[in-house]
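Consider the two complexes below, in which chain A is the common component and chain B and chain C are the respective partners.
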Partner chain A sequence: MQTETEWKFTAKDIAEKPDLFLSGHRACAGCGPATVLRLIMKAVRGPTIVTNATGCMEVVSSIYPYTSWAVPWLHTAFENAAANASGIDAALKILKKKRRIKHEHVDIIALAGDGGTYDIGIQALSGAVERGHDFLYVLYDNEAYMNTGIQRSGGTPLGASTTTSPAGTVIPGKLEHKKPIADIMVAHDMPYVATASPYYWRDLLVKVRKGLEVNGPAFLHVFAPCPRGWRSDPAKSIELSRLAVETCIFPLWEAVNGDYQLSTPSKVFALAPQKKKPVKEYLQVQGRFRHLFTPKFEKLTEEIQRVTDERWKRLLKKCGVEQRAKTTA
Partner chain B sequence: MKSVVKQEVLALNGDEAVAFAAKQSDVDVVAAYPITPQTIIVERFSEYVANGEVETEFVCTESEHSALTACLAASVTGARTFTASASAGLALMHEMLFVTSGCRAPVVMAIANRALSAPLNIHGDHSDTMTERDSGWIQIYVENAQEAYDSVIQAFRIAENTDVLLPVIVGLDGFTLSHTLENVHVLSDDAVKRFVGTRKFINVTNHEGKTVPFKLDPNNPTSMGPIALPNYYFEFKRQQEEAMKNALKVIQDVNKEYAAISGRSYGDGLVDAYHVEDAEVAIVCLGSTAGTVKAVVDELRAEGVKAGLLRIRTFRPLPVERIVDTLKNVKAVAVMDRSMSFGGNGGPVFHEVRHALYDAEKHPYIVNYIYGLGGRDTSPMQVRKIYEDLQKILRTKRVETRVQHLGLRE
Partner chain C sequence: MRVTAKEKSWKEISPAGVCWKASTQFLTGDWKTYKPVRDLEKCTRCLLCVLFCPDGAIHWKPEKGDIEFDYNFCKGCGICANECPAKAIEMKLE
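For the complex of A and B:
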């Protein structure tokens, strides 16, 4: 097991640790998911096998005969990252028992986008978690199917314009709210579930490490801006991953054995609600929400604010945090 | 030549024979999902696990798609893997069949052949595996429970041969074989273990230019299942085809080697011929139907009719030369297909055999009988009728109907 000091991922530590997700991949400039992968691979603790669902991160990192992966890596299909992990886990267990591999322990990380998790992959994920396989599932959430050209997924937020939920003259982009995937995973009674955002990189790294150290399945939901799909400035991806936390659109928390806990970056906004920013600040810098700032559809930003507040309130309750009155300060 | 080892006789149905073979083959991982008529395989295997009779990690997945995925992933991690399915289950795996062969993962899968919906039907025909004909899996169809047992053991040797590295389907007819009790000669655990041996890995070059074994190994990282653009994809597929060609010899070698310890061989492993050498009329078929046909051939031979049977045991890779060679003196051939190719000119086995014969020196008359769909029984009388039809073709020198349906209410 790791010592407390090893838990402290300092900027220096991180800079000095060799990359396991190598440069030279083909991701777009400002790609949030690619940043997330690079960070995640800085937090691994020992021998690790990565398995990847079909999607942007698989495609940009494995164009034959090149690879960005300095660890053993497997892609098989779109909907089955968790089933890959199940098979790897089963194999490692028995090969170790039969003394055909020498490693005391090998960590398994399964990576998938929102499409491969919220939608097509949820069955394999739910099954693998129910069976208790020992792996960390990382959902990098860029809120649409980016690899196939920005189509809506169950993780696409209300009002976002995608190529299958386009903002038209009658319909203002996606009509449904984002599925609360991390809560669904908590409902599986699994040992570790957390959300993270690359701006708060230290929080992210610690959560990756915690997820790996847990015995059994762990689920990490990471916010991952996609400038291509969000019609946002590639230079603003990390800023957006901060704004999402500051507006409480994407709060950071963890649930250890089902017990919710607000993470430090989000705690700030619970303790000092006046610091919580309006969602408009987050929405207006992204082209996918542009239509929400026309008179016809502007009511939707209020709806987004309302649901964000409601979900935030519910989360605080689950975390046992009392929100102070907004008027203090 | 090694001498035949001592064997025990057990009363097993086809599914139990398969499960027993998998148990003896020192399988590391089994991931499976139940479906009739395969269910007994998974059930028996679960019992072995529950009673500590096997050193196998058993993953009872939430679907067939995940079952094959887990087998594939376990296989590329270095484990020997086995699964079983049928019909709708195989169809749900369809995508992963291609991925498994493309990843060159030597998974072995028993299929208790069953019809596909709609209408829903749980009984035996070959619609399920025929649909997967071009998925890059080796396909072996067995005649009885004994052969099911023997073939599962052989399948690991074939799949894991480093000149092959392809997944193998062992198909046994649903209910006719899967649920019917037979006397099955089984080898000792030791003999099977010695025969299957430990899995070997080929070496490949990884991203650092290092020569490493072809598996997920933290000491020797490789990337598996990458994306290949038009500049490389085609070459991958060509290599799979080459591996299929290699399999033709490997299957024959394994059949021979297995015969040496068990005393049992199935033709040359590719085709199993019965009285074809001097036959004028012959039937070509797969699977358990061969048993019925053989009985009819015996009757006809006693009556002086020169009848024969060619059972294709290995359907993929198709042993084209062996088919041509075996049928070279036959004057009229009937191919029996236990599945349909809707809108095609006859069933898939017919297509394959007729196509193979195109390059032969002499072309026999060749007709097709679609039969036994959804478990419809095929009687010796019906098989006899086929031979009579063939004799009539020879008398009249005319084919009246190229494709017919056997035992169907029209």
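For the complex of A and C:
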């Protein structure tokens, strides 16, 4: 196993590496998940098989007869990403036993959106993890079912207006909070769980590689802004993924064998709380939270801030980081 | 660019849902309204635009030591212009 410093993840090396997620896919302009996938496919180490649940990234990358994947790629149904991965793992095991493949090790990446993980795929994922198959599960979280027209999922945050939780005069968008999926996966006693954001690309690549090198299942929760569903400017997709970390709405951490550890981009805000930005800054640039800035639903932003702070505090406690007293407060 | 019905009959294509063409044959550049134009003097070659482009439309050419825009695939989203630390990229109406 290579150490972290031996991995060549400088911008130049990454740029020189050939794309395994080809251009010419039909994602919207400014698609966050497409950037995420391009970056993830730059971190693979050898022969890789990708399996994909139904979702935006499955649809835009495999419009018949074109494929954007330069690696073997498999798709079945919405709930099956993890089940597919465990099937591939079992098949590889028996092929290796019969000496039918020449590769010593083949990496398996299972890809799914938040709908295919939070709601539909969690049963298959939980089962695959429990059986201990060796694969990396990547959840690209764009916070709703964007592929079918922006319906709310378990990953949609409080107050977000979607087509099945529309903001009106009575209801202020979605009424429930986001499900802490990564914590649920940590509770499975997995060898590796992490959250990542495309703005901190090196952090993301290192986490992908760590997840692939680990023996057994690994889970990666990647934040992936969707300009279409979030009603944001396509040019701001990467900026939003930075803001989410800076406001601590989406903190970056990893849990190796259940031990929480804060990643460097988030550690900055733990050690210097005055740098942490208010949640409003993140909400303001998105059209799906537009109604939160009307007098009627104004209180909801305070509620979002409160829950964000609460979760952030709880995370710091888990990571064993002591937050210094706020200097400004 | 686009597949015509005559290209392959059903007997010749691969079975049930197997995609056989690389999507690089499908040029997505005709979507764009704005196109990125780079100021060569301001550019520091930090390569952030290459990493953040969702379409892989910006290539790093090691032999030239410079980056190159591939307008065949660029959808004109403006992420490169927004993320450029030197503000060297400008989105211009095509």
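By our rule, the second predicted complex is superposed on the first by the 322 of 329 C-alpha atoms of A that agree within 3 Å, B and C clash if a C-alpha of one lies under 4 Å from a C-alpha of the other, contacts with A are read in each partner's own complex, and residues count from 1 in each chain.
The rule we apply is simple: contacts are C-beta pairs under 8 Å (C-beta built on N, C-alpha and C of every residue); 3 or more make two chains touch, one makes a residue touch a chain.
As the structure is a prediction and not an experimental result, all values here were calculated from the model.
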First (chain B), second (chain C), both or neither touched by A:138: neither
First, second, both or neither for A:48, with chain B first and chain C second: first
Which of chain B and chain C A:239 touches, first, second, both or neither: second
Contacts of A:218 with chain B and chain C, given as first, second, both or neither: neither
Touching partner for A:97 - first (chain B), second (chain C), both, neither: first
Chain B versus chain C as contact partner of A:208, first or second or both or neither: neither
Intersection of chain A interface sets (partners chain B, chain C): 62-67, 70
Interface residues, chain B side, partner chain A - complex: 28-29, 31, 55-57, 59-63, 65-66, 69-79, 81, 95-96, 99, 103, 207, 216-229, 232
Contact footprint of chain A on chain C as seen in their complex: 3, 13, 17, 19-28, 31-32, 46-48, 50-57, 60, 62, 70, 73, 75-79, 81-83, 91
Complex contact set, residues of chain A against chain C: 11-12, 14-16, 19, 21-32, 34-35, 38-39, 61-68, 70, 198, 201, 227, 233-239
Complex contacts: residues of chain A adjacent to chain B: 47-49, 51, 58-59, 62-67, 69-77, 79-80, 82-88, 90-95, 97-98, 100-101, 103, 106, 123-124, 126-128, 130-131
